[in-house]
Structure formats: structure tokens, C-alpha cells
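Have a look at the structure below, then the notes.
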Amino acid sequence: MNQGLQFDDAGRLRHLLTIEGLSRQTILEILDTAESFISVGEREIKKIPLLRGKTVVNLFFESSTRTRTTFEIAAKRLSADVINLNVGASSTSKGETLLDTIRNLEAMHTDLFVVRHAESGAAHLIARHVPPHVRIINAGDGRHAHPTQGLLDMFTIRRHKGAFGKLKVAIVGDILHSRVARSQIQALKALGVAELRVVAPKTLLPVAVEKLGVRPCTRMEEGLDGVDVVMMLRLQRERMQGAHIPSEHEYFNLYGLTPAKLALAAKDAIVMHPGPMNRGLEIDSAVADGPQSVILPQVTYGIAVRMAVMALIMGGTPAIREPATRDPASRKPAERKKHQ
Amino acid sequence: MNQGLQFDDAGRLRHLLTIEGLSRQTILEILDTAESFISVGEREIKKIPLLRGKTVVNLFFESSTRTRTTFEIAAKRLSADVINLNVGASSTSKGETLLDTIRNLEAMHTDLFVVRHAESGAAHLIARHVPPHVRIINAGDGRHAHPTQGLLDMFTIRRHKGAFGKLKVAIVGDILHSRVARSQIQALKALGVAELRVVAPKTLLPVAVEKLGVRPCTRMEEGLDGVDVVMMLRLQRERMQGAHIPSEHEYFNLYGLTPAKLALAAKDAIVMHPGPMNRGLEIDSAVADGPQSVILPQVTYGIAVRMAVMALIMGGTPAIREPATRDPASRKPAERKKHQ
Amino acid sequence: MNQGLQFDDAGRLRHLLTIEGLSRQTILEILDTAESFISVGEREIKKIPLLRGKTVVNLFFESSTRTRTTFEIAAKRLSADVINLNVGASSTSKGETLLDTIRNLEAMHTDLFVVRHAESGAAHLIARHVPPHVRIINAGDGRHAHPTQGLLDMFTIRRHKGAFGKLKVAIVGDILHSRVARSQIQALKALGVAELRVVAPKTLLPVAVEKLGVRPCTRMEEGLDGVDVVMMLRLQRERMQGAHIPSEHEYFNLYGLTPAKLALAAKDAIVMHPGPMNRGLEIDSAVADGPQSVILPQVTYGIAVRMAVMALIMGGTPAIREPATRDPASRKPAERKKHQ
């Protein structure tokens, strides 16, 4: 898909559809902006007026209460008005096309669509058809991308492990079907992680996955050995019915993250999961709730990262109005050093 | 039904239940007020504090995401708090009567109910039972009325075609079952349109429809000839099962608005549709997306018109506090001239 | 269940899970605070900034539009941001545990959970696991408790009948299964009502109900004789299928509150019902809509009482910051006299 779509003529981020094609610089700018929003969640009054009078539409063609809630909270903390639409049950059942729904909403002078859709490319399709003042955030499209998840994961890693250049990272689970994994891989490659492995049974690894610049491993012993970050994926229980996995029991034995398997990683490795977790399937509760888990901090950072993305693409932060930001090349590397 | 119900003792609009019984003066006042709200949707901060601290309840006994959204956006732009209730699935299933539901909500000191109901007269029934401080807007009741749709259509016509007195207008489609058509006919008659035709197969025309002051046509050739405004109606696909229409294919052939049929109308005729559209059934995409279509502007105006109605019946606009407005007769015709 | 859970180390109310264990002093403080919020609902601008920037989550595992609406309105009048979650249909269906859902929401820096759940003890379970800054209000858990309903009932009685010490009160209906009845009994006992009767067929009375300090009656003649307050309960129609009640008709004959039966009570007795009512089953419309009914005022007070509880547990009212309040013993009895 066309990544150019997410930038305006001046090279500024206009939509967030995918991490593919985002420069290291852009990703770091989002993380820095998120850093400045972390404190908002800790204040007495968790609200800033950045998006006051803007209308954010949560346009969920596929229902996900959790993801919808994170965007709703992020938008409300920025003082936007939020409209929640579960479109599955309404207009589309009246035979209206996706684009008619979008055109109608934009005719209402709404400003930002947060789109989740079961089909890959839905957010891109919408972005191609909206007028210049409307912004799109992809909140997950089919197996394609879930960029805010990828970004909040980068935020988490930077906060807990520092510079990306020295890190070994393993992504474990259903790589083949996961939009989260795709976004994570793209972000980690852009940020120049030292080593990136994907760990799964062969049936859950994409063909020729090495071409993405990752090292495929079919055994946890190999995959987790010495890594600094273990990123678990959620296993869709539906996969069990197919030929992908023999049984839940066997999957847990081979790929479930237990304290014993985690011991293969670096001593201070962190454990991540995008949630919701299948405890006892892809992850053991002893690990999920253990001292190396940063799963709940991920959720906290997720609000700040979504606030940052909304603020940046809506042009509401000082950061993107600065001349320095419009021309990243002129920014001194020293300014960034502390975070990488 | 009793139209007096929607005015208070001083003759001011208290509820909006139907366009029947509204004077030309009142309709124009609503359109003028809407005109002043158009700019709100184009501002950086799309919010005015007119209904701050008021509680608007979207009380939808029949689900309609699109209509609910327009009222939600309109109310939030006026700074009201909005409560969305899909009542079909809740209280009524607990055996509570419609009026108990209403009484409970008004006991919570809510201010305005936007009511949609599958039965004709539901909004009137509610209006008859609420205390003086509670306001009702009918957002569609059975086959009876959909007055805000009718008003936004008038707004659209005035914006694009100017004075009503010179216009020939055709309403095309399922006149028999359409609450939209009823509201449109009432509004167009009140505003003194030059000629009003209704175009449909005989099975979809009300008996003795001429009594409404319209000219019934069963052929598009006759119905569209030289008209300035073509108002298409949505065809409920459910009608297909009945004896009303032979087949989708034949309906489109006879009554679907194609470029060829549109060519029968005046060269600068506009095309309207209340949405959601059945493309390829009542309207061809070439027309829906063509240069004569004002279907998306209708949606935009719909927000401003709903803001205007809310503001007027809540007594929040300077307009209705002016002595001149309470006594329309004292207003000079010259003041209105520019819009008609 | 552990009532200590709802207080912090300084003895201040932190959660509202049950009325059990609340002192007369604490209950009266809530009622006094609610008294100060009554006027907010009557203002032009029904909004105070007490919870501005706070996030209130309506976490309904069991759907109840009416109860959810009261909390949503109360929270919005306090200027909080409100997130509505019907959890039944979402996360839990993805196999996430109750506590994972809670932990995720609190990681988003939400402040207050309003919890409704079909299982007794759910709100307590959650309260045991949240960090100190998170507050819980039980909005009904199984057959266990519905404390805000109990409190608004006390508010209603005090407003209409004055001092509790002289009152005879009857609770009528399905005592056995009713969380409302439990909360009412606990509140009325704490406030030292003169006499408390529970009236129901034997099959709907708990075993050894006398131990709660109430007088069980199986006949309305005995139960209503000379009482000042008649508190009706909603009868779940589902009970009809069981062996609990012979038939709707017979139940109405024996226990339905008709004008004739109400005549047994004191002449100025008030009639209460938590809603939604089954008219013609547990209550006759002539009584429900009659001059002794305070059923709609209950709804109005419910908003003020919920605002009071939210404000108190969030630490936002001057009342609980006063030294006098932290040490109730130092408060002069005279201050309270007027209300009891």
C-alpha cells in the first residue's frame, strides 16, 4: 500500500495508517511528544485543551471495546468531542457503502476518524478519499497494521531499556496473522534494533520472513536466548480449529512464556503483551504478573502515545509547528541522544 | 394530530414534532438561525456555549446511527451533555411503558429529548405528557413526520436555488410510506413553492394525494420535466417483498434517477437525497456523485439546522428573545427578501 | 464480605460497596451532601467543576440502561469524562478475566469505576485489587447490595417524612432475591427507624429474616397497618416460572399495592418504588401515579445522591476535607437535628 498517503506535501504526518515508511526521525518525534503527555495522566485534572472543539469519530467496523476505550480516553483528555460508532450494526446493514458512510461523517465537519476494520487496507482506502482537513488513524485493519500499538510498544521499550541500537528483541507467537507483529517489526527495523527474531511454529511464520530483516526461530530456546525484550502476541483461539496448531496444551508447552523459558532471556529482559492475554495459552500468569512484565505500563503509555499521534496529525502541538520539525535534517543529533 | 402542541402560550416554538402547522415565518426563522450556525462547523473550535449545562437525551426506540450522530454532534457543538439511549433493548424489555421511561428521564432534570420511534405519533404522545421545561424534537416517527429532515431540505433548496416562489420541485419515490416526503410536502407548501409534483408508481402514491396540493405523476418524463429541484426518497428494500414494486431492476429502469432522466429537468436543477442511498436502485452513482448533486451539502446543513432547532426551542438564541420575533407581523418584509 | 474495605486508614469512605457497616453519621453525611447538590439539577447551567479532568467508567457486566444513565448524568453534572462499557459483549468474550479488564482500565489512569455485575461480591472483588487512587461504586451486584439505591431511598424518606426515629416502614415484595431490600434494611436499621416490617409470601422471605431486626409479615393487612412509609420492590417476572408465586393475578390480589391496601397505612404515608415498575403486578397505577407516590422524586434525588457519593469518595467536597468531618464525634448533635 501507498505509504506516501500519510504525509502532506510538506512531508508532515497527516494520517497514521501504518508504520511502514515512517522514518526513525518521525517515530522518535511521536515518542517524544508522547513523553510530554505522560504527565497529563498523572495530574489532578487530566485534561488539556489541545483538541477543544474538534470532533473525533471512533469508527469501528470490527468491535473492540478495549481499543475504542483507549482512543476515547485519549481524545477526551485532549478535550475533543468523541462520537462512538459501531458501524457493523447500522449503516452498512442499510446497504450503504463504506465510502458513503465516510463522506457523510466528513460532511458533518468531523475532524479525525479512528478506524478499525476487519479488512486489510480499509484505513488506506478511506484516507485516499477524505478531503485535506480530515485525518485518519488506523486502529487495526485486518492482518495488515496496528500502528499505534507498534508505537506504544516502542515507547515502552525506550522507557525501560533505553537506546534501541544495542537491543536484541524477540517477537513470539502468531507472526503470520498478526497486524501487531507487522507494525512492531517495521518500527523496530526503523529504529535500528541490534537483532530482531520472530519465534513461532513454522505454520505461523510467513514464508520468506527473513526478507523483513528478522531471524526466524521455531524453538523458544533459540528465540529467547539472551534477548533484552520479549514481545508476546495474542493467539487467536480460532486458529486452533485450523491446521495451524496441534492443541492448546501443546502450544503452551512449546511456546507459552513460562518463568523457565523467560530465564533463557537476559536477566533484566522485559516482557510485553498487547492484550487481552490468554493466560495459560501464550503466557503463564507467573510471567504476566511477574517483576519483568511491563504489560500494564504498556496500557498507560498507550494513552499518551495515542494523544501524541492525535495531537501531531491534527497540527495541535508546538512540536510540529516548529520550523526545525518540518525540516528534520536541520535538527542536531545531540538533541535526540538521551533517548536512544 | 394536534399541531398546537408544539407552541407555548406566547406562540413560540416549544417542541418540533411536525412541520404541519408551522408558518412560513417560523420556518424561515429556523433557516435564518441555521444560517448563523453554518460558520460554527467551519471554525477551528467548533463549539459555542449556548446549551452548556443542559442535558440532551437521544431517545431512540428505533435504531439509526446516522440520525443519532447528527443530533449528537449538533448538541455537543452547542456544549450540551448528551446521553444516548437505545431504548429498544432495555427498559421496554423490562416491561416499562413508554411514558414511565419518559417520566423517569425528565425526573433526572434532562432538558431535551430527541425521539425516534417506529410508531406514528410517538413524539406527540410524549410531548403531551412532559412538563413545561422539557422540550421534544421528533427525529422520525413511523410514517408520520421527520421535521428536521424537511427543514434541512428547505435550507438546502434556499441556499442553492434561492426564492421558493419561482421553483418547480419534484419528490420522487415511495411517497406513500415516507415520513420524509410528508415533511417535505408540508414545508414546500408553507414556503409557497410554484409547483410541487410527486412521482411514483401508483402503488406508492397515497390515495387522493392531490388534496395535499401536489400534482401526482406516475411517469418520470412528466414528473421531472423542467423542475428546478429533484428530491429523491430512499426506497425501503422491504417493500420489494410486497406487491408495491415488481422488481429492483424494473424499479430502477422506471424511477431510478439516471443522467438521462435528470436531463429532463432544468439544466441547473439540483438533486437531493436524505440518505442512506441505495445506489443503483433509486439513484445512479453518476447522478449521486455528479455536479448537480447537493446530497453531501444536505448533511452539512443538517448539523446547522439541528443546532438551530435545539437553540430555538431551548430559548437560547437572541433571535427568539427579540420582540420582533414574538410578533412576526411587525417584521418588515424587506428583512427577509434576500433569502427568498 | 469485608466492609472495612470501603474505608481508608483515616476512616474516610473510599469506595461505596454496601451500606452494611456504614455508620449513621456517614449515611447522614452523604444525605447532607446530596442536599447541597439538589439545587444543581434546578439551575440553568446544571454543571459544577468538582470532577473536571477525572474519568468515570460505567462498567456494566449486566446491562441496565436506567441505572447507567443516572450515573452518567451525575458524573457529567460534576464535569467528569464518562466512558460507558458494556463488558458483557466484549473483553470477557475474548477470554479476558474480570481482573485483567479492571487492571487495564486503571492503567489508563481512570479514577472511578461504577460497577454492575450479576454476581454477588463482584464490586468487593474489584475493590480488593485496585490501587489506592481508584474508587469503586457498587451499582448492584447479584442479590447482594445496591447501596446508592438504598441511600436515595433514605434521602427520599428524610425529605418527605423527617426524623427516622419515629417512623414505621414496610418493605413489600420479593425480599428474598432483592439487593435493593438488603440495602434498604441496612440503611433503615443504621438510621434507627422505629419499626421495620418486611411483607411477602413465605416463599419470598429469607429464612430467619427476624435476625436482621425486621418483623416479617405474610399478609398486607398486618404489614401495612399504620406505617408511614411503604417501599415496594420490583417483582422479577422470571420468578413466576418457579414455585415462588402462584400467578400474576393472585400475586396482585394478595400483595399488589392498590388504593384499598394503601388505606391501611397512615393517612400521610408515602409510597416508594425503585423502578422500573410492573404496573398491575406489584403496584396499581392509581397508587403509582397517586398523591402519596414519591416514585418520581426518588429518581430526581437519585442524581443528587449519586453526585454526592462520587464527590465524597473522590475527595472533592469541602465536607470531607473539614476537620469536623474526619472526626464526626466532635460535631455537635444540634447541627444534625433539623434533618432527623
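Each chain gets a letter, A, B and C, in the order it is written, and its residues are counted from 1.
Simple rule for what comes next: a contact is a pair of C-beta atoms (placed from the backbone, for glycine too) under 8 Å apart; a residue touches a chain by one contact, two chains touch by 3 or more.
Quick caveat, the model's predicted, so the values are computed rather than measured.
With chains as nodes and touching pairs as edges, the resulting graph is complete, every pair of chains being joined. Residues touching across the chain A-chain C interface largely differ between the two copies, under half of the numbers being common to both.
Copies chain A and chain B of the same sequence differ in orientation by 120 degrees, per CA superposition (steps of 5). The distance from the centre of chain A to the centre of chain B, with each centre set as the mean of the Cα atoms, comes to 42 Å.
Per-chain CA centroids place chain A at a distance of 42 Å from chain C.
Within the complex formed with chain C, the chain A residues making contact are 41-47, 63-66, 69-70, 72-73, 76-77, 237, 275-279, 296-297, 299-300, 302-303. Those residues of chain B lying in contact with chain C across their complex are 52-55, 81, 83, 85-87, 89-91, 94-97, 100-101, 103-105, 107-110.
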